[in-house]
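Pasting a structure here, questions to come.
Labels run A, B, C and D following the written order; every chain starts at residue 1.
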Amino acid sequence: MTYEVKSLNEECGLFGIWGHADAAKVTYFGLHSLQHRGQEGAGIISNNQGQLLAHRDTGLLSEVFKVPEDLDKLTGSAAIGHVRYATAGEASISNVQPFLYRFTEEQFGLCHNGNLTNAISLKKVLEGQGAIFNASSDTEILMHLIRRSHNPSFMGKVKEALNTVKGGFAYLLMTENKLIAALDPNGFRPLSIGKMKNGAWVVSSETCAFEVIGAEWVRDVKPGELVIIDDSGITFDTYTDETQLAICSMEYVYFARPDSTIHGVNVHTARKRMGAQLAREFQHEADIVVGVPNSSLSAAMGFSEASGLPNEMGLIKNQYSQRTFIQPTQELREQGVRMKLSAVSSVVKGKRVVMVDDSIVRGTTSRRIVQLLKEAGASEVHVAIGSPELKYPCFYGIDIQTRRELISANYTAEEICEIIGADSLTYLSLEGLIDSIGIETNAPNGGLCVAYFDGNFPTPLYDYEEPYLKSLKEKTSFYLEK
Amino acid sequence: MTYEVKSLNEECGLFGIWGHADAAKVTYFGLHSLQHRGQEGAGIISNNQGQLLAHRDTGLLSEVFKVPEDLDKLTGSAAIGHVRYATAGEASISNVQPFLYRFTEEQFGLCHNGNLTNAISLKKVLEGQGAIFNASSDTEILMHLIRRSHNPSFMGKVKEALNTVKGGFAYLLMTENKLIAALDPNGFRPLSIGKMKNGAWVVSSETCAFEVIGAEWVRDVKPGELVIIDDSGITFDTYTDETQLAICSMEYVYFARPDSTIHGVNVHTARKRMGAQLAREFQHEADIVVGVPNSSLSAAMGFSEASGLPNEMGLIKNQYSQRTFIQPTQELREQGVRMKLSAVSSVVKGKRVVMVDDSIVRGTTSRRIVQLLKEAGASEVHVAIGSPELKYPCFYGIDIQTRRELISANYTAEEICEIIGADSLTYLSLEGLIDSIGIETNAPNGGLCVAYFDGNFPTPLYDYEEPYLKSLKEKTSFYLEK
Amino acid sequence: MTYEVKSLNEECGLFGIWGHADAAKVTYFGLHSLQHRGQEGAGIISNNQGQLLAHRDTGLLSEVFKVPEDLDKLTGSAAIGHVRYATAGEASISNVQPFLYRFTEEQFGLCHNGNLTNAISLKKVLEGQGAIFNASSDTEILMHLIRRSHNPSFMGKVKEALNTVKGGFAYLLMTENKLIAALDPNGFRPLSIGKMKNGAWVVSSETCAFEVIGAEWVRDVKPGELVIIDDSGITFDTYTDETQLAICSMEYVYFARPDSTIHGVNVHTARKRMGAQLAREFQHEADIVVGVPNSSLSAAMGFSEASGLPNEMGLIKNQYSQRTFIQPTQELREQGVRMKLSAVSSVVKGKRVVMVDDSIVRGTTSRRIVQLLKEAGASEVHVAIGSPELKYPCFYGIDIQTRRELISANYTAEEICEIIGADSLTYLSLEGLIDSIGIETNAPNGGLCVAYFDGNFPTPLYDYEEPYLKSLKEKTSFYLEK
Amino acid sequence: MTYEVKSLNEECGLFGIWGHADAAKVTYFGLHSLQHRGQEGAGIISNNQGQLLAHRDTGLLSEVFKVPEDLDKLTGSAAIGHVRYATAGEASISNVQPFLYRFTEEQFGLCHNGNLTNAISLKKVLEGQGAIFNASSDTEILMHLIRRSHNPSFMGKVKEALNTVKGGFAYLLMTENKLIAALDPNGFRPLSIGKMKNGAWVVSSETCAFEVIGAEWVRDVKPGELVIIDDSGITFDTYTDETQLAICSMEYVYFARPDSTIHGVNVHTARKRMGAQLAREFQHEADIVVGVPNSSLSAAMGFSEASGLPNEMGLIKNQYSQRTFIQPTQELREQGVRMKLSAVSSVVKGKRVVMVDDSIVRGTTSRRIVQLLKEAGASEVHVAIGSPELKYPCFYGIDIQTRRELISANYTAEEICEIIGADSLTYLSLEGLIDSIGIETNAPNGGLCVAYFDGNFPTPLYDYEEPYLKSLKEKTSFYLEK
C-alpha cells in the first residue's frame, strides 16, 4: 500500500524538547523518525533564552534542512518541530508549521496535529471581531483565542482557549520561557512524554522518536491534560475534567510506525494480533500468506503464525519509489509498467495466496495488487483485511471527510470482492480489532475511536454535523476508476 | 544494513530494448527497478532510426530525469540505459554512462557493468598508439579496441575486442541499426533476455525489470555469448568457446532484488534457503529471530521456519533515510541519536535474539546493531550471517579491491564476535551457501564465484595479480572505528 | 555606483492593472521595468472574477516566476504586483508582497511602497485589541484598521484607515470587484496612472512601466488621493484635504529610472540639468568628465555640455556583476582585483578627471573609485556630486534610518575630500538641486522632500521623533572601513 | 543591441596564469571580466604541482561556480580558464572547456578561442586512424595531433600540431610544468600578456581582465607565436614564419569591451573615432544623437562631438534583462510589451533622431528600435551604422557561417532603409573603419580582417571553400520576420 493511491492520511507529527544544548538538532532527528506522518512540509522553532528562531518550508525534512546552516542557526536549548501532511492545493509555505508569532512584547511558537470540528464557526466569529487569519489551517485559531481571552493569567488564557476549540488536537506551544503540550478531551491523537539521558524533557507524537534519540519513555499525555515544561522541570495540569479516551484506532491499524507504543500497546504487536485474529476469522483454504509492504507485514506475520501457512515475500516494494515526474502512459500501464510494487512470480505461481492488507479505502489499490498477483501466476487470491469495513468519514484529524470515496460506504463486501477481482474477501470484525489492540482501560470500545467503522462519533460534530447527516441520506456517486 | 556503512557495492545496472514506440520510457521504468544497483549516475541513449540521442547526469534516476521533457526528447524505438555506482571522487558527469560516440560516419552508445582485470595494461598500450581516454572508467577501452581492429567485418571487430578485454563484464552496445549484448566468459555478472507483449526484445541486469514492465523472461545470457537484436529479430552468437559459469555469489546473498531470478534461482527463495540452512548450522538457544532490514528479511524468514523460532520485527528501518546533510554530532551519537535503524524495545526486551544479517564487511554496522538491540533490552544477541567469512577482494565488478577493510581478513570469528559485542557469531558454511543457491549446472562451486570466501579466483588476475599477492603477505592494518 | 556598497535603497515598486485578458502577464512586464526598485522579493495577485490568486517568493522576478506555469495560473483580468527591497535579516517569504487575505466572506490583495512613522504605536494598540501580525513589515496595519473600522461603508473604512496611518505610503488594494490606489498626504512616493490601447487602466510606481507595456501616461496620483478602478471605469476621490506635495527628491537624484517622468519632469532631463548646474558651481580646472555608471551618466552628460569638457567612458561597469558567492580575498583586493567597476587607463591616463556621481552615503564607494582612477593614471580626480550633502535620515521609505552611516553627518566636505583621496569635492547646492528638478508647483522646496539635506521633515515623526532627536545630540561613531 | 536577436557571437574568452597562490581565484576574476565573450559555459583547470584539477559546467560563471568550495578545490599556483559561446543545440557539458586530459603518464588542460577551417578533414583522417572524439567542438583535434606526432620533443609535437590546424585560433595549453599560449598565423583572435604585482604572468583574450585583477599589460601575442611560461619565467618562440596580422575588425566594432586595448588601440577610443568619422560621412539634418545601449554608446559620443548634435539618452536598456522564461504573447507584443529596451518619449518626442548602432545583421533589431523611437514620438529616425555593410560570413571564430541570415547580402542599403522603416540609413565606409581603428602596422587593411565587408578572406578556406563559393552563386532566401 502506498500513500499516493490511498487517500488516507494523518495530519502531522509533533516533537518538542526543553533543556538540551542541541535542541534543534535533536528535534530534527525526532522529526526524522516521524516523517511518515507528513511529507509536505516541515519546520522547527528553537528558543534561545527567550528569542524564538524559525526555519520551515515545503517538502521532506531533508529538503527543508538542506545545508547544516539551516539547522545551525536555530540556536538555544529548547525547540518544537512539525512535519505536515497537507490536503491538495494548500501545500503553500504559509501553512507550514510551527507558526512563529512575534508580538511587540512577546513571542510564541505553535504547532498542531488534528482537526477542529468548530473551526469554521470560530473563524467567522473571530473575523467579525477584526481577526485576520494568515493561513488556511485551523491552527491559528488557538492563538487568536489566547490573545483575546480576558483571563488575567496566561495559563488561564490558554485553558480558556482550549475549552473553546472542539475536535481532535494535540498542540505544542513554545513561549519565551516554557513549552506547553495539550491534548483534546478524547485523546484522539497520540502524544507521549520522554526523558533524555541528560535530563531534557521531550514530547513526541510517537514513541519511535524516543528510540531514535535515545530518550526513555515516561508516559503518554492524557486526554484533557496540559503539560508544562520549563527550567524548573515538568508539571501537569488539566483544562477540563470531561474526558474520555477515544484514541484513533487507525493509528494502530495503519498510521503509526510499528516500533511505536501507544497507551502501552506496541503497534507491531497489535498488528500481529490483528493478523492472528484475522486468521482465526478467515474461512478459506490457502497455501501462502503475502503481506502488502510495508504497512501490512506485521499483520501478515501474525496471520502466518496463527494459520500455520508460510509467510512469503510475494510482493516487493521499490525502495526508490519516491517522487518522480515521469509516469507511464496509459498504453504502458496496460503493458504492465508499474513503478512501486511488483509481484514475485517464482513465489506466487500456482499458489493460493492470502493477501493481507490493513484496510481498503477506495479499492483501486487492492484491485491492482490482486491483478498483479494473478498475472504473476497466483491460482487464487484471498484478500484479508486487518480492520473492519471503512464506512464513515473522520473529523478528528484523518483526511477522509467525505463518504463518496469510501468504497465500503457504497458497496457490500461481496460486491467489493467482485470489483477487486479477489476469490474471497475477509474483514477483521470490530470486536476482533478492539480485542487485538487491547489497551488497558475501562473506556468504551477499549478506549478507541472506531467511528470510521460504526459511525458512532464520540463527540458532537459541530460544523460537520449537518454535512455529515446529509451525506448519510444522499445517494453516493462512487465510481471505480477502471 | 545500509549502503552508506558497508563498502560493498555492485557496479551498475543495464537495461536495453529494441522495437517499442516508447523505448526510452520503458528503459526508464526498467532502470527504476534496477536503481538498487547504482545511485550515483544514470543515463539513457535512444535510437531514432539511426540517430542516437542521449540524456545522462549524476544522481538518482529521478534526479537525472527531472522533467518529462528530459525523457520525451529521447525519441525512437530502441534504447539502452544504465544506473551507475561510482567509487568515491569519480562521481563526475564524464563517467556517467551510456557513453555516446559520434563519429563522422557512424554513432554508438555503450554501457558496461563489471570490472576489467587488464584495463591498465590495455590503456597504456592504446595511449602509446595515440588513443585519448575521456573518462576514468574502463568502459571506453572496448570502443577503442573495436575502432582499431583490422577485422574487415563489424561483428568481427566486436569479437576481437571482446577477446582482448579480460575480467567481469556485461556490455550493451547500441549501433545505428542493432543492439548488441555481450557477457564475459565466466558470466560473472547477471544479464537476462525478455520479451514484451508487443514483441519488443529487452535485456536487463535483473529480471525484476521484466516484472515491472510486464515483459516475459526468455532466458539468461550465457557466458561468452553475444546477443544481436535488430529489426529482423534476435540472433545468438559466441565470441569464445572457453567459458565456464562462475556467477557472483554475492548477487544472491546481497545485491540482487529478492524478486529477481538468476540462472533459474529466485533470489528471495535462495535467501530463505540460506536462512534455513543457517538455522540448521546454528547451535545456540534463542527466543526470537530478527532480520536486519531490508536485505536480510528473506533469510530471517527461512531461519524462523527452519528453527521454529518466531520471526519478529525487532529492527525498523526509516523509510526516509536517504541523503541528508544533517548528521548527529559525536555527543548526540553517544546519547543514542540514530537516523536509519532503530530497535523495538517492546519486541526485544528480555529476549534472546538471533540477529540475521547477510554479511559482515567492516564490522562497524554489525557492532552498532548489536548495541542497538542490547540497549533496547535484548538479553542476548546471537549474530547469524547468511554467508561465509568475507576474506578476499573481488576484481570482477564488486567494490572491494583491498583486504584492508575486510574484518574477516584480519580477525578470527571469535575475535569479531567480541569486537561486535555479540553473544555468539555463526557464519553459513561455504557448502551451505552453494547448496542453498542450487543452480542447475555441472560447473565447479555450483556455477558460482566464491572467491571472496576462499580466494580461488576463476581467472588469471592480470594487472591485479601482483598487488593481490602482495596484499596476502603484507601485514594488514585494520582498525575498527570506535 | 552599485547597490551592494551604498546602503541607500528604495522600498519597493508597485504595479496594478484592471481590464486586460493577460493581466498577470502585463503586470509581470510592468514589474520587470521596476526591478531596480527592489530585488529581494516579488509577487503578483490576480483577480479572476472575484477569486484572488497569488504567486510570490524571495529573489528577482525571473527567479520568482521560473516557469511559465507560475504566471499562467494567475488567471483573470485584473492584477496587482510588487517588487520588494528588504532590510537585512527580514528577507523571508512571509514578508514578500502583495499579501493575500482570505476571509470567510471576502478576499483582498494588498501591497505597499513606503514607510509608516506611527507603525510601532499602531501595532501596539492593535495587538492590545487582539490583533495578530504575521509579517514584520508595516503593510498589514492597513488591513487591520480597515477590518476594525466601524464605518458602515467599505470605502468609509478605507478612508478611516488611511487617515490613521502616518508617513510615506503608496498602496494598491485589490478587492473582489475593484482596484484601489492611495497615496499619502505628501505624495512622498511616486505613483502614476496610465491607459493601455485596449482600454485597461494601469497604475505604476514609475512611468517607465508604461513605455514598456505600451500604455499611455494619463496623470500622476495626487497627495491624499484615492483612485478606484472597476468595470465601470476610473473614479477619483480623496480621504483628506490636508495635503502638500513633498515628493522624495532622491527619486530624481538616484532611484528612478532615467526614462521615467515624475510630476511632469523626466528623470534623465532633471539629472542632465543637475549636472549642468553642478558644472556651473564647479570651480576647478579639468580635462575630461567621467560619470560613474550607470546612475550618473545623465548628470555627466549635463556637466559635459555645460562645461565644454569632453564626456568620456573612463569607468566601465561589468554587465555581469550580479550575485556571486565568490569574493576576492583581502590580499587579492590589495592586488587590485575588482569585479564590478574598472577604470580605463587609455582614457584617463594623465588627465585631470571630473568624476561625476549622484551622492555620497558612506564614502567607501567614492574612495574606491577615486583610487581606481588614480591607479589607472588620472593626474587629478575632482569629485562632483549631483546632490547636496546627505546629513539626515529618511522615515518615509528610504532605507536610511540612522545618521551613523552617513559620512556627511559626521565630517565636513573638506574632511571627506581628504578621506576619499580626491583633489577636490563639490556638492550641488540645495537651491541648485531644487531648480534643476523644477516641478511646476507652488509647494515649498519646489514640491520636494529635501529633509535628508536640511533636516526639515515635512511631517511630525511620531514614533521616530524621540530616536531622531537623540541621534542629533549623540556623538556619532562613524568609522570608515579601511 | 542584444545577443538574443543578433546572431553575431564571438566564440569564447581565455585566461591563464602562472605563479600565484590564488591562481584559480584570479582566473575566476579574469574570466568574470570576459563574460561578455561567452555565457553558455565556463570552466577552470588549476595546476597544483603537476596535478591538474578541473571544474566546469554550462551557464554563466556565477552559475558554474555556485559555492566557494567549487573554486577552493582548484588549488595550485597556475590555472587556465574559459568562457564559452556555444551554437544552438550543442550547449552540453561535454563541450565546456578547458578540457582535461588524464593520460597514464601525464595530464593536460586545453582551451581554445576560434574556429578551424580544416577541422572536418582532420577529424576524418584521425578517426580513420582510430581516434575517438568526445566533444563536437574543434578543440580536441590539437590534442590528437600532439599525441600522434612522431616528433621526439614535446615542443616539437606542439609545433607540428599547430602547423597542421588551419583557421583562427588562440590556444592555452596547461601541461604539468608549464603554460603554453599559441596564436594563429594571422592573429585573427586577440590575446595579450600581462604581469601581476607579485610577478605572476597572465594571458587573456582581452586586456580588460588586466585592469580587473590589477595586472600590467606587457604586450600582445603575435601571429604565429608560441608563449611558454614556467617557473623559470616567460619565453617566446614561433611555430611558423608565414604570418600576417589580420585581427578581426568586429572585435573593435562590437565584441570587445570598451576598456580593452588591442594591438595598441583602445576599443572605446576606436569606437568614438568610428562615430566621429560616421558623423563626417553622414549627410542629413538632425536634432539629437541616440546610441543603442550598451555597445554603441562610444560611437554615439564620437558622433555627437564631431557633429555638434547633443548626445541624449533616448533609449534605456533594462539592467535586469537576463534570462527569463516568461515571454510576451504576440498580442502583448503588438500592444507594445517589450522587456529589454525602451525609448524615452520626453527625450525623443518631436525630434529628428540619429540612431547610432554598430552593425546590422538580420535587420530585425534595427527595425524594432526604429519603431520604438517613432512610437515614442521621434519625428525622423536616421540610422547611422558604425561599420560597413555585413555581406560575407566568417570562418575564423565568429558565429556567421551562412549568408542567408545577413540582410546586407540580400538587399541594398536603400531597400534595408525601407525595411527597417528609417528615414535614412548611413553605413561607415570601409576606409573610414580602417582609418578609425588605426593600428600601427604595415599589414594590408591596417592589419585587420575585413572579409565580412569585402569578401576577401586572408587565408584559403579549406573545408569551407566549396560551400562558400556555392553560397555566392545560389539565390538566397532571406525573409524578414514580420
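Throughout what follows, a contact is a pair of C-beta atoms (placed from the backbone, for glycine too) under 8 Å apart; a residue touches a chain by one contact, two chains touch by 3 or more.
Composition by chain, UniProt nomenclature: A, B, C, D = Amidophosphoribosyltransferase.
These numbers come from a predicted model, not from an experiment.
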| item | value |
| --- | --- |
| Both-way neighbours, i.e. chains that touch chain B and touch chain A | none |
| Longest centre-to-centre distance from chain D, chain (CA-based) | A |
| Inter-chain centre distance, chain B versus chain D - centres from mean C-alpha coordinates, in Å | 49 |
| Chain B and chain C, separation of their C-alpha mean positions in angstrom | 61 |
| Computed distance of Cα centres, chain D from chain C, in Å | 37 |
| Chain pairs in mutual contact under the definition given at the outset | A-B, A-C, B-D, C-D |
| For the chain C and chain D complex, residues of the former touching the latter | 22, 25-26, 28-29, 32-33, 35-36, 39, 60-62, 65-68, 71, 196-198, 208, 211-215, 257-259, 261, 266, 268-269, 294, 297-298, 301, 305, 310-313, 316, 318-320, 322-326, 328-329, 331-332, 335-339, 342-347, 375-376 |
| Chain A residues touching chain C - in the complex, by the definition given at the top | 93-94, 101-105, 120, 123-124, 127, 129-134, 136, 140, 143-144, 147-148 |
